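Okay, so chain A shows up in both of these, paired with chain B first and chain C after.
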Partner chain A sequence: MGIKWSLIFILFLFTTGCYTKPRVLEDIQLITAIGYDYVSKDKIKGIANIPITPLAEDIPPKNEVISGEGHTSKNIRQILQAKSPRPLLSGRTEVVLFNKKVAQQGVIEVIDGLERDPSIGRDIYLGVVNGNVEEMLKEQYSVSEFSSKYISELLKQNMDKNIPKTNFHHFLYYFYGKGMDPYMPILQKKEKFINIKGIALFKEDKFVDSISLKQSFIMKMLSEGFQDGTYETKLPDGKFVTVQNMASKVKYTILENNGNPRINIYIRINGKVNEAQRISTIEGNVINMIENHVSSSLTKEGKILLEHFQNLQIDPLGLGHKASNQIRHFDIKEWEDKYQQIPIHVKIRVKISNTGIID
Partner chain B sequence: MLPLPKEHRQVSPYFTFYLIHSMQKGVSILGFERYIMKDAGYDSWISIIISGLSINLLLWISYSILNKGKNDIVAIHANLFGKWIGGVLSLYFIVYFLLMVTTSLRTYIEVIQIWMFSNVHTWYLAIIFLLLAYSFTVGGFRVITGICFFSVIIGIILVFLVWFPLKEAEDFTNILPILGHATFKDLLVASKTMSLGYLGFEVLFMYYPFIKQPERSQKWAHFGVLYSIFLYLLTAVVAFSYYSEEQLARTIWSTLTLWKIVDLPFVERFEYAGISIWLFIVISDICLGLWAASRGLKQLFSIKQKQWLVIIILITFIATIQFTDRKEVDLLNMFTNEIGFYTIYVYIPILYILQTIIYKVRKKRYGN
Partner chain C sequence: MKKWFDRKIKGNQKSSSDEETVSFQGLIKKCRESKDFITFQQGDNFPFIISYFKTLVNPDFVHREVLDPISKYPINTLDELKNLLPVESIVITKDVKQIQDKLLTGFILIQEKKDPSMCALVPAVAIEKRQISIPETEFSVVGPKEAFVENLDINLNMVRKRIPIPDLHIKEIIVGKLSKTRVSVMYIHGIANEENIKTVIQRIRDIEFDQLIDASFITQMMTDNQHSPFPQLIDTERPDRVASVLSEGKIAIFVDGSPQVLTGPTTLPEFFSAFEDYFLTWHLASAFRIIRLGAVMFSVLSTPLYVAILTYHYEMIPKDLLSPLIASRSGIPFPPILEAIILEVTIELLREAGARLPTKVGQTIGIVGGIVIGTAAVEAGLTSNVLLIIVALAALASFTTPVYQMSNSIRLIRFPFILSAQILGMLGVMVCLGFFFSHLLKLTSLGRPYIAPIYPLRIMDLKDSLFRLPLDRQGNRPMQLRTGDPNRFNSKRAELKRKAKVDIED
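== the complex of A and B ==
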């Protein structure tokens, strides 16, 4: 009995070689960023960022890209493979970038391919590039060894402070969800650095408009509670003051009266004064004055942004979705018809709890 | 009357918790959300509770049958309906157990094929898993109980893993307004769909005599079902706040896809580790199912259980390799769900009523 079983066992050891191929790290080429550039109406250029880490210790790692033109993203993959000495694997992809023009034409085809692929993580970043994607990925930046790492770290830490959080999963959630539209950060290469320029707003899968970095901060404040970020404002007497957000909370109340919906947004910000030029913050009601001023100017900017969204008939804050969670017998069609006329009230309360280590 | 197993083959009553729970939580937890979502939208979490409570009721009925019959289902059938009709009914149960094993095995193999190794043949993985299952099952009921124990312990991972999707969750108010998405009828339909997640407790009909003082194990069995309800509810609520409705409808293995967001410092893509760990959970299902089927056949026909085991493993193997694509595997799951639903919700209550009547009639006739 024992011999028979051990023979069968050995037989199995032999057969394992026939199936799944082992993938040794030295024998494969990992893709860490994927980009798409515009070529013509039905042709796009795919770019893959492939970091080359030499086996010898004293040679610095190299930031390399390969690119190829094609009609579909999977076809491009094949063309890229034809240029690579080792098999390309996408399991470590951190960033996917779209040129502005590609994004304007729609990204669903690429998104669908990524969504279907089990090797693509859900926490990767998507972004729209103002300018040439290939140039951005090709550059050997001095602040980071690989451009993909630079971009993903740049986005990661800015999503804590300046721009609303988004990643691949978030994009899919907003894309497929009813009563909401997705968005991505906009990046631009400037000499030796990459800048975040703002937020690209999408309608379905097409890039329609963008907002600036300052407006992105307002959008972040409207869409989620967070703990960081600074806001600069001009006081009535012409002096500038900078307030740092320590904790903000946002609450949506959506009411419906005889089929007329109304949105109330209430935001509470707990902050501290970061910088106040030639203002003595100890004087009686100076703090109060700053609080009032910051809250009114934030409210104003919030309203402008919301009106902008309404005019474009897009909903990157997911108001329609929030309404469906608060209103019984919610009809999304009706909501979308009315969306542009829905009154939105924004109320922001700023509380400044300290002024740093000096008065 | 068929003989009862000896004491050194029995297990303590509290092991029923592990046996019941591990058989319920199989591959279905990897993707049940989207099916109940189809039926009742974001309200379908209510169906998980409805379905789970009804299973508790059925479990109570099952214990009433078994406590009266004081043996396994084969003996009870033979006692109530005689050798032939009882035998046919027992054979139905055995085929049903094998169907469950095949469904678990084939679905798990499919997950491996789609997520990890797309060019591995079904037969290849089936042979490996069935050989593994054979080596456990041949050790007898106590070994299988051990496997089930481990499967439950390993399954606790699931509870901790929800932390990551919760961190990224989009909207916790998605399930609101409660009962704003579905009618009562939708909820019942979703409850029926959900019953697939709770199938497996009926293997109790085979291992009941293997529990020491089986009457005392009932509370543990109920705890097992309650724990299943808790796990399903937790996963579903997390998935509902993590996915938007259409996104979830597109995602075949929603729980597995949830793991894509898991971000641990030592493993980049947790879902691959998760799929591999899941083998422990699936293998316990397969072992218990195979054991129950072979035990039933041993009681019915006078051939040794070990020989039956080899035969049914061959049958399972042949059945498993018949299903070649996603559509067919989906169909197999639907079919098992349907059969299982009628077995537990229709047959078990009928058996209970018939048993009560027959016992009363006999009591009158023979005066006891």
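== the complex of A and C ==
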């Protein structure tokens, strides 16, 4: 008994150095968004969005940014810290934004620090900003108290409907994975609002091209099954019809014949007519006509998008990764050489099961 | 050290054996020292000397049933007296020890003048008893509403009338050098495990204490681990609960002068089952038990988690809660740990003050606590309202535990958790939880595992532990009690009866 207790006591003596430093909530300064602006070829400007919570409960919190220029993100962090009265902690970061020019230079060096930091969640959003990041974060938006909250909520709900899903983890997975290339949403500040302009396509970690919001919807359809999201198309008679996606499913089949791979993408969409300008949807063949038209126009746009990817020699859909799962003795080098010539067939079947409560 | 200890014990034994060799004259002389000891003879021709303690006997009874017949009929010997008096259990003896015991428990001592060493002892004890009232700590809306009182015989009666079988055995043991308290062990022969019965009886016999006032003394002195914060025997004031645990194969311990009856061996889940659960349908009962378990976890862990998260793990706070939390914390001069301890101690003070004060004053304590301390502390910037809500809810949750002793333990074990949350954050809470779980694993109740249906896992016993299945599924007695008869009723026959009934309806 005596030995046991003295051992425990000695153990406590040895562990006196092993304590974690308390970080009491009100004594720290949280960073909720991190942004990087371009300064010169080897210098970037780091911006941190810091929400200032006032001492009293009935005063609204303030959106504030601090910025500093430096070569590495941790160096910038030090400069930022020199401006803050309380220790800056990045554990609550929700968004990381890159200026377009920074993204063109390559982002992996910039986010290396974030990648190594265990306190940063992997479910935070990344984005490319068309314009000045500091301006975007500085603005006190009327729709949300903090710009970081605005951006993260904007991205969250749009990734459900309009643009393909991506976050920090997804970006890193697509960056490090073989046969895939990452992507990020593009944001632009327009007066009192932030718009999602589309998707920024990356080759390795460098921003190469962007696609529009409408194309982002096609890309989302090609990359994952989802619900919601509306597609507008022009019928042959000049009228517009809007179809809402109720549930879509995508299936990839990758076949190889004598070293010549072939990709078939089969998409099934169950949708409903949301808006049809003065078209009576009660007749059976009208619905059939809309179904055929929507599927053919979706197929066409899908093909255009895939050709665009092939021309850029990028693979944001992760076709190479999918092929490696389906083809025996897969060689990524060979695949990448052939990538631009691989025939990709897209087949989309649209079924309209609902036309609203009008007829 | 040990030698000294042994010598001390020996010394004690010597003094107790001295006491036994008191002569009859010595005893009477000792008794005369007290003013309430009465000795008298009625007239010179009266053949008897009558002595008793005035304060122990019922004077009406002495006049009506003893003095009246003696003066009416010409009797001269004690044997004649014994036949004459309409009182049972009159003892005629010379044994001084017995005389002393009886005299001091309300018997009348009658001596013949001719032979004063021979005594008859007539029971005439005056029982001052309280009316049977409704249970207070284990009140239930439905179900029987009688609670135990201080008198042992009434308590035994209340249970015996619920189990009218000869197999219900009662063993009596006198404990306490000064108090001479009657302690009764009750069990159903053939159902209760023999080993358990022997353990209980032996442990009660082993108690060396002078003044045994309440059943809780027995709990403290005979439990398996005296240093555990968890009670290892359930004390109840409901005779229906005692009857039902006896039929499960458990053992009840009654202590004279205590309105609480101890039952055991018990398990941890039993402390969270209110007896009212058995009066409700099984879905409700199960839901309430799960709520109670959740309440216990909440009560123990909520304040420590608040301290840990606010001190170390700001990442865990949901983002919509961040700014309200920072806003409510920012004006407070204390770190979270001090804030939490101040509030917890305040709540404990309120409870303690409320428990000590008479009911009418106690109500004002509620107002003082609720309005003055609660609101004013927040307005003065001493605590955040978030913590105030957490602490109040945690206190409320701890009171949902049906067994009073357990709810006390739960409120106490929160403090080590709070301290370890401050030292190591969430890891500290987990380490502390580990300590408590390993302690619970080691704990036994009368030698039977304390967290039984969970570890060691007894799947059949789970039917009435964390949840309660319908009564017709309760066909077996708890496996861990190792009962003599594992079946409560013949479940096959019950099934047949149910089926037969359906046939008739067809």
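To be clear about the criterion, the second predicted complex is superposed on the first by the 339 of 359 C-alpha atoms of A that agree within 3 Å, B and C clash if a C-alpha of one lies under 4 Å from a C-alpha of the other, contacts with A are read in each partner's own complex, and residues count from 1 in each chain.
To be clear about the criterion, a contact is a pair of C-beta atoms (placed from the backbone, for glycine too) under 8 Å apart; a residue touches a chain by one contact, two chains touch by 3 or more.
If you're wondering where the values come from, they're calculated on a predicted model, not measured in any experiment.
When the two structures are aligned on the shared chain, A:Ile108 is found in touch with neither chain B nor chain C. By the touch criterion defined above, A:Lys149 reaches chain C but does not reach chain B. Residue contacts after overlaying the shared chain place A:Asn325 against chain B, while chain C stays out of touching range. Of the two partner chains, chain B and chain C are each touched by A:Gly121. In the superposition on chain A, contact of A:Lys178 is made with chain B only, not with chain C.
Looking at the shared chain after the overlay, A:Leu30 reaches chain C, while chain B stays out of its contact range. Looking at the shared chain after the overlay, A:Pro54 reaches chain C, while chain B stays out of its contact range.
With both structures placed on the common chain, the touch criterion links A:Gly91 to chain B and to chain C. When the two complexes are overlaid, the chain among chain B and chain C that reaches more residues of chain A is B. Residues 19-20, 91-92, 119, 121 of chain A touch chain B in one complex and chain C in the other. Looking at the complex, you find that chain A touches chain B at residues 8, 12, 15, 19-20, 91-92, 115, 118-119, 121-123, 167, 169-170, 172-178, 180, 318, 321-322, 325-330. Within the complex formed with chain A, the chain C residues making contact are 310-312, 314-315, 317, 319, 322-332, 335-336, 422-425. Contact residues on chain B toward chain A in their complex (touch as defined above): 114-117, 119-121, 124, 128, 131, 168, 170-171, 173-174, 176-177, 180, 242-247, 250, 257, 260-261, 263, 268-269, 271.
Those residues of chain A whose C-beta lies close enough to touch chain C in the complex are 19-20, 22-26, 28, 30, 32, 51, 53-57, 61, 89, 91-92, 94, 119, 121, 145, 149.
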